[in-house]
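Every chain is named by a letter (A, B, C, D, E, F and G) in the order it is written, and numbering of its residues begins at 1.
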Amino acid sequence: MNLTLYLQYVILPILAFSLILTFIRLIKGPDIVDRVIALDLIITSGIGVIAIYCITFNSALFLDVGMILALIAFLGTMAFSYYIEKRYK
Amino acid sequence: MIENMIVMPLLGQMLIAIITLLFWGKSKILRYISLFGSLFVLINAIILFTKVAQNGILVMHAANWKPPFGITFVADTFSSLMVLLTSIVGFCISIYCVQGIGTNRVNFGFYSIYHFLLMGLTGAFLTGDLFNLYVWFEVIIISSFVLMTLGGRKAQIEGSIKYVAINLFSSIIFLTGIGLLYGVAGTLSIADLAVKVPQLPNQGLVSIISIFFIISFGIKSAIFPLYFWLPSSYHTPPSAIAALFGGLLTKVGIYAMMRMFSLVFTMDGWISQVVILLSVFTMFVGALGAINKMNLRRLFSYLIVCHIGFMVGGIGMFTLTALTGTIFYLIHDIIIKTNLFLITGVIRLMNGSVNMNHLGNMYKDYPKISFVFAIVFFSLVGIPPLSGFWPKINLLTAAFEQQQYIYAIGLIFASFITLYVIIRIWAKAFWKEKTSTLDRLTNNFEGKTLVEKTYLIAPIVILMLITCYFGFFAQNIYEISSKIANQMIDKTDYINAVFGHIN
Amino acid sequence: MTRQFLMNLLLMFIWVALTGTFNYSNFFFGFLLGYFILWLLVKGESYENKKYFNRVPKAISFLLYFIYEMLKANLHVAYDVITPNYFMKPGIVKYPLEVDNDWQINLLSSCISLTPGTLIMDVSHDKKALYIHNMYLKDKDEFIKNIKHGFERRILELTR
Amino acid sequence: MYSRILKTATYYLIPVLLLFSVFILLRGHYKPGGGFVGGLIASIAFVMHSFANSVEKTIRLLRHHPFKLIPVGLIVSFVSAVAPLFLGQPVMTGLWYNEPVPIIGMIGSALFFDLGVYILVIGVTLTILFTISQSTK
Amino acid sequence: MLISILSGIILSVFIFVLGHKLNAKYAILYAIVPISLFVFFAQYIPLLHLQKSILSAYIWMPAMQINFDFNLDGVGLLFCLLISGIGSLIFVYAAKYMIDDSDIHRFYAYLSLFMSAMLGMVLSDNVITLFLFWELTSISSFFLIGHYHKNAESRKSALISLGITGAGGLVLFAGLIWMAQIVGSYSIQEIIAQSSLIKNHEAFYIILTLLFIGAFTKSAQFPFHFWLPGAMKAPTPVSAYLHSATMVKAGIYLLLRFSPAFNHTPFWNITLLSIGGITLLLGAIISISKYDLKSILAYTTISALGFMVFLIGLGSDLALKALGIFIVVHALYKATLFLITGIIDHTYHTREINELAGIRKHKPLLFATGIIAAFSAAGIPLTFGFLGKEAIYESLYQQQEIWSFVLLGLLVLANIFMLYASFVAGIRPFTGKPSQIVQETPIKSDGSLLIAPVLLAALTIIFGVAPVLFEKSILDNFLASTITNVAIINSHLALWHGFNIVLVLSLITIILGTAIYIFAPKNIDKRETEARYNTGNIFIGLNILLKKSALVITHKLHNGYLRKYLLTITIFSLAILGYAIFKHIQIHLDFSKYSSFKIYEVAVAIMVIISVITTISTTSRLTAIVSMSVVGYCICLFFVFYSAPDLAMTQFTIDTLTVVLFLLVLFRLPSFVNLANRKTKIRDAVVSILFGVFIGIIALGILNEPHPNTISKFYGNESYLAAHGKNVVNVILVDFRGFDTLFEIVVLSIAGIGVISLLKLQVAETEKE
Amino acid sequence: MTEILVMIFSTIGSLAILIAAIGIFRMPDFYLRLSVTVKAATLGTGFILLATCLFFGEISVNTKSLAIILFLVLTAPVAAHLIARAAYFSGTKLWDKTLIDEMKGMYDKETGILRSGEDDDEQEKGASPNP
Amino acid sequence: MELVIILLIALLYSSGVYMLLRRSMVKLLIGVMLLGNGTNLLIFLMGRITRGNPPVIPDNLSVLTEPFDDPIPQALILTAIVISFGLQAFSIVLLKRVYVLVNSDDLDDLNTPEEINDI
């Protein structure tokens, strides 16, 4: 089996499925913190998707996007925690 | 003719804005930086205008990329005239602001944003690139948004939310239009669009896309039924700011509409009918809105809407006569509306209020100033031979030529209401004796020194004199207007100038 | 110790510059080479100078331990996640800290958090206790002991 | 929010982020990136610092209120945009130093322009965030 | 000739600038200007005998075809002499009358401005300048009527009169422009010469109506007559000058001017006849129910104006001749009566006829002028008025048609009332036993106040006795410019035409009128009748209706609810876009042009869809923000999938920062409250879905078109070679389209500054701006 | 050879992510969900990024991949700690089968200070931290 | 996939407009953001879509060879994104001011009837 095809028809669908599962949690909640970690996981999985995508199209340019994603996943979670805490103080 | 001169007014404004940022919080210096800076820009604008008058259309390719690959700046008669008017208005308001804007606001960036706004306006008039125009529009929106909220009063906040929500919607429509146009034409340079769009195979799509520009520019220029933001917000900021808004903001919409429909799209068929119909509604709602208003600023806001109808109808007819009238009216309106709001500022200083119920006796107390105001008012009404009168001749003639009788009715009705409300103002604010006993009403004008008073009155007088010039030497303005109108009907000059073809 | 590490880096860069090959293996090789040379040079000297050379192997063993723990526990959790029944006995446990330096606490808590089943909730303000959420809390004391002898000991060894 | 762990983590995260932001800035002309994203990343670094400590401490760390970066950024961009005017070229024309410089590549007005954007974005982002945080207390 | 017009304006400017420094005593010097003007125009009398009209053109704005083209013909001369002549007298009169008024100089400024405007109007041969002066008369009269502006009534009258005449002026403006547009020239002579073009135009009736409205409002014709009595709030000299002798005749002048063009078209004649007829009767009837001297005079003026319009409507040569005489007759006696009223008012501070009687002993000379004026108004022989009345009866009688006899009867009836009213105004205050007020008021000399009425009365007698003077000076020239019938032009006015039916009618008028005057009960308060005939109430009602409906419409449209504004805007956009799409687009799907489906992309798309739905339906703000940011992130993933790394990077960061900002602000806000009912939601949903669908359809339509991307190719080629960058997007941002970026960062800066000022600066409500 | 390694690594990585997703989908309380996802996701993404390292083998790409891995490893635990803390603060319920909660009552709601309970002196002093 | 993207565009525009028509200012802002996303996606689509070919010149070449994704819409969207960020940031701060003023984000609470308290 060709690597590209394998990635496209096995790995990416797995990741897409994971995204959807996570996404359902995002929608369901029930608490805001649940949504926050779901969002975090979506972003982290997004890095995976992007990495796979780079391999598929043999272009490493998108890895930078992954770097940004890693960064903002952290920022986002941090910000949410900060304000959730502040709110309940 | 390649000319860096074109961007001088633009960069000048930007430079002033940056310098004022450096002097953050030092209100005394800021006022004079703005004053002299505006004068400098005005001189540049005059030079630019005369250069264009002598040499024809001037073009500058930003970053030295030939069109359609780079952003082109084009100064033809229309744009250089608009820049000149902007600079005049800017200069006059700068004078006014020396006394007319409180130290608090000055210390919190008023001047920076003010000059950024002027820069935005100048840029919008000069640019020859559609997306660049969008950027200018955004500069205008954000700076006017900030100016509107500057001070943070409740009324200001309320007004600015309506202002910005509707204007953001307009931006989105505009951007959508740009995207769609790029999708079919693959270019953004207005001159290039002017060449390519008429050659596109699917002209139906082009018509549809042009609708987006009508809606977007319609919102900007406050035509019915897109005008709501204007009367909701223009009475809230300080008078100097309202003066700038009243004078120029809606006119950018008109300008852009004229540009797009002269160069890229065509104003004909049902679209033209719709635009004319809207213009009539605009005149009516503006006039009806103005009738009952007691607050002068609210009243003038509605009058802005009303008079936008005059111009939009002219655009709708899109004949030489109609365009001449429209442009003449545009020129007149910029100066006069600015002056009206400056006048409200002075009235507010004199009485502590701009509500007619609280005003009175101004004719007796300030006969000379009242005389100046009266001339401005009658120019607005269009009492011949003052400036508002002349363009109506062309607009009416065009209406009869095109058998747009409904437009003629609207024009006459709106003119009448304008007359009516203005004489009512005269009776209530100038003739009547003051009866209000509100103790909040203080006269902050009387206590000022002569020099301070001069800063407030001089800009009004300058603008009045300009208006009088428009009136008594209407032919000069008429000739400029008709030259511009000719350039709109025949776009080859513009295209040739941008692409550097020799005529 | 810092001086030696910097020296090692310098040697590495010289090596890379000399060979003119800019790739990982060359950097890595240069580092190893420098390490070896330095190691030779400090042989027989005082404890202070030898510290650096004890650290590096310990760091590597710590890393391997961490990866081992992480993989092991991941499989454990995976099993629990995939199978329909829950085998979990979760709880939040107070873990008395031995390490007292901010960096050490950070390292320790990161390690604990990254190995499945456990999660740092917070550090007490006086740096004396770590609150850990554990998915499979069979025996609290056993769990504390595991960490004490696992991660915390290694960290103390590595940093002291 | 007082978290010892976060506070410690920012010690090593901030330098990493700043380094990364400069990297993104410099390579923008060749690979995805540029002054804008670079500036945003740099500001994220400082935002993190402010989360972990406090806005006041971050401003102390920066030595000036980030607001002052706005005119600086504007001036840098403005100057690199109008510099060609003095050479009789149209505004914004790219001016390039002939020899490429290692790591950065070609040095030209475009790079300075991007640098201005970078500075400005830091200034604006931090100004906005810090002003709001301060006024929320 | 331009100077003659400008002289008044110059005087006015002079007074505005320097007047307040002068002593009120010197105001009489201003009269030099009108007197010299009178002399100036008088010298044209012989000249006009030689040529039909004297043209003089002054270039003003040739490119717009707007110049000061003056055309002095007999009609113009008549009006010029009237304006400057009566003007001179008024100037003299007012100098004394207004001497105690602190605003006397301003009064003169407006008065001379008005005089110039009138002169300019009657001399203009260009519709634009004609309109210019026309409006100027309205404006200056506005200021004159509102002279006593502390008085609310006075202000109201000024407003009403400018309102009516201003509106009429605008309508006239439309008519003039329309005519000019059809003919292609602003020249009045040209328009008259080519009037067939207008007559054959489909909108001829409308154009004429516009013209009529302009004339009728100015000349106080039914139903616009009501403003005139109100205008009598003005100082009496103003009433005498503007509202009897000159300004109100502007409309008459206009009709007269265009009479050669439109005379003998049924619409013209019938309308003028009927409106003139109604007005003359109405004015006459109301006038007898009045007991305020000025009101009586005002209504008789309305009636007289009705006579004039009626005569123009009659349109025959004799009628025009009668008109020429009657204009002067009326000006002379009406001005006299007004001035007398002014003197009475000045002396006794009342104008109520019930309170005035027996003044003759105090003011014998005034009594004499009063009698002369009243007799002239009554058409008693040996006064000028007799000639006028005869001419009018003659012109109608000469028609020899049944309708003309009916009208003649009505005319006689009206004249009887007029006679009665004139006697009441001109004689009754002087006769009888002195009333209480008169007795209590000490006798004082009227001095220069008497000059004007006496001169006018004298002229009434002189012209009455020796009509040839009038003929030679004015009438001949007038006739030469208005009619072509040489016989009529050459026939002379005579005191005695022999005993004919016209004389009988005159006698009936005099006898019946005098009888009513003598036997009618006096001192009856008939105020009740006023309201019934006052169309002013209709207009005031219309005005209130306009204001109220304006209020309703404005509040309906401008209701303060942003969402309703946006809804309106959206619905409008939908309507216009929908029509355009319906008209111009056919949807067809061409799958060969589209790229293939990918499962993971579809998965991301599904996430977008669900997140959007969550965003709009959740009640938790934070959830809304989170799911909105998911939308953004997913779109970023699309940017990654479709080759836009820069875009993805930027949007990822910006979205996150936006979320952080939202959090900063939102974290304390409670959940969303359900603020809309189901119906509203469904309505909004329908509107918004349609909006989205339209955009989608248009996008689809565009995708089916070829996409020219020459510019992108150019960028691809030049990016590295010319601009030294390999990331084309970045090169576009900093080089190809660097200007966008330069100002994009300005937007950011402004936002930054704005945030600071918004959060740190709060100006108090009471603080100055 | 490289291809197969890439396949293996990416498979492991994606499965780990899948486990994280399933975990977050079906774990009974927030803390358990968090516990599962933080590491599984980090592990999974790490493996996938290693796969890209193997695939490209270029120094610039590898640096970036490794940098991302490093960054994730550095930040994930911190982030998890922050959100867990926030959740606890905001009163997110523990699963009802949770055995013990030793943190209960240790937070000072006003200042957000967490006591250790080890040293009662400090507790009595009510020492406040630097703000 | 173009059809899916058009579906998304339509959805974003619809939901954006729907949110604009709400009373809550937060929703209004969300509406503007959704509309912004829709517009960006639309512009992107208007440059037509290409997978895996970013407009970046490879290291070993000096010109961009086809196929490549149209860089112009990308640059436009970038500019637009940044601009809307500025506007949104300011709007969000305004939201805060509104909340301070009327203690809710219901825009109807902020309405003052015309001409009342007008000085």
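We take it that a contact is a pair of C-beta atoms (placed from the backbone, for glycine too) under 8 Å apart; a residue touches a chain by one contact, two chains touch by 3 or more.
As the structure is a computational prediction, the values presented were derived from the model and not from experiment.
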Min route length, chain touch network, subunit C to subunit E, equals 2
Going by the touch criterion stated earlier, list every chain that contacts subunit A and also contacts subunit D. E, F, G
Could you compare the number of C-beta pairs in contact for C-F with that for B-D and name the larger? C-F
How many angstrom between the C-alpha centroids of subunit F and subunit A? 14
Distance between chain centroids, defined by C-alpha means - subunit A, subunit G (Å): 22
For the pair subunit C and subunit G, the C-alpha centroid-to-centroid distance in angstrom is 45
Cα centre of subunit D to Cα centre of subunit E, whole Å, reads 62
Would you give the residues of subunit F that are in contact with at least 2 other chains, written as numbers and ranges? 22, 34, 42, 67, 71, 74-78, 81-82, 85, 112-113, 129
Residues of subunit E touching at least two other chains: 558, 560, 562, 566, 598, 641, 645-646, 649-650, 653-654, 657, 660-661, 664-666, 695, 699, 702-703, 707, 709, 711-712, 715, 726-727, 729, 733, 735-741, 744-751, 753-756, 758-760
Of all residues in subunit A, which are in touch with two or more distinct other chains? 15, 17, 19, 32, 36, 53, 61-62, 64-65, 67-68, 71-72, 74-75, 78-82, 84-87
All touching chain pairs, where touch follows the definition stated at the start: A-D, A-E, A-F, A-G, B-D, B-E, B-G, C-D, C-F, D-E, D-F, D-G, E-G
Residue positions on subunit A within touch of subunit F in the complex are 3, 6-7, 10-11, 14-15, 17-19, 21-22, 24-25, 31-34, 36-38, 40-41, 44-45, 47-48, 51-52, 54-55, 60, 63-64, 66-67, 70-71, 73-74, 77-78, 80-82, 84-85, 87-89
For the complex, which residues does subunit C have touching subunit D? 102-103, 105-106, 109, 120, 122-123, 125, 127
Listed in rising order, the residues of subunit D that touch subunit F in the complex are 1-3, 5-6, 9, 12-13, 16, 20, 54
Given the complex, residues on subunit G that touch subunit A span 51-54, 56
Given the complex, residues on subunit B that touch subunit D span 2, 4, 7, 11, 14-15, 18, 21-22, 24, 60-64
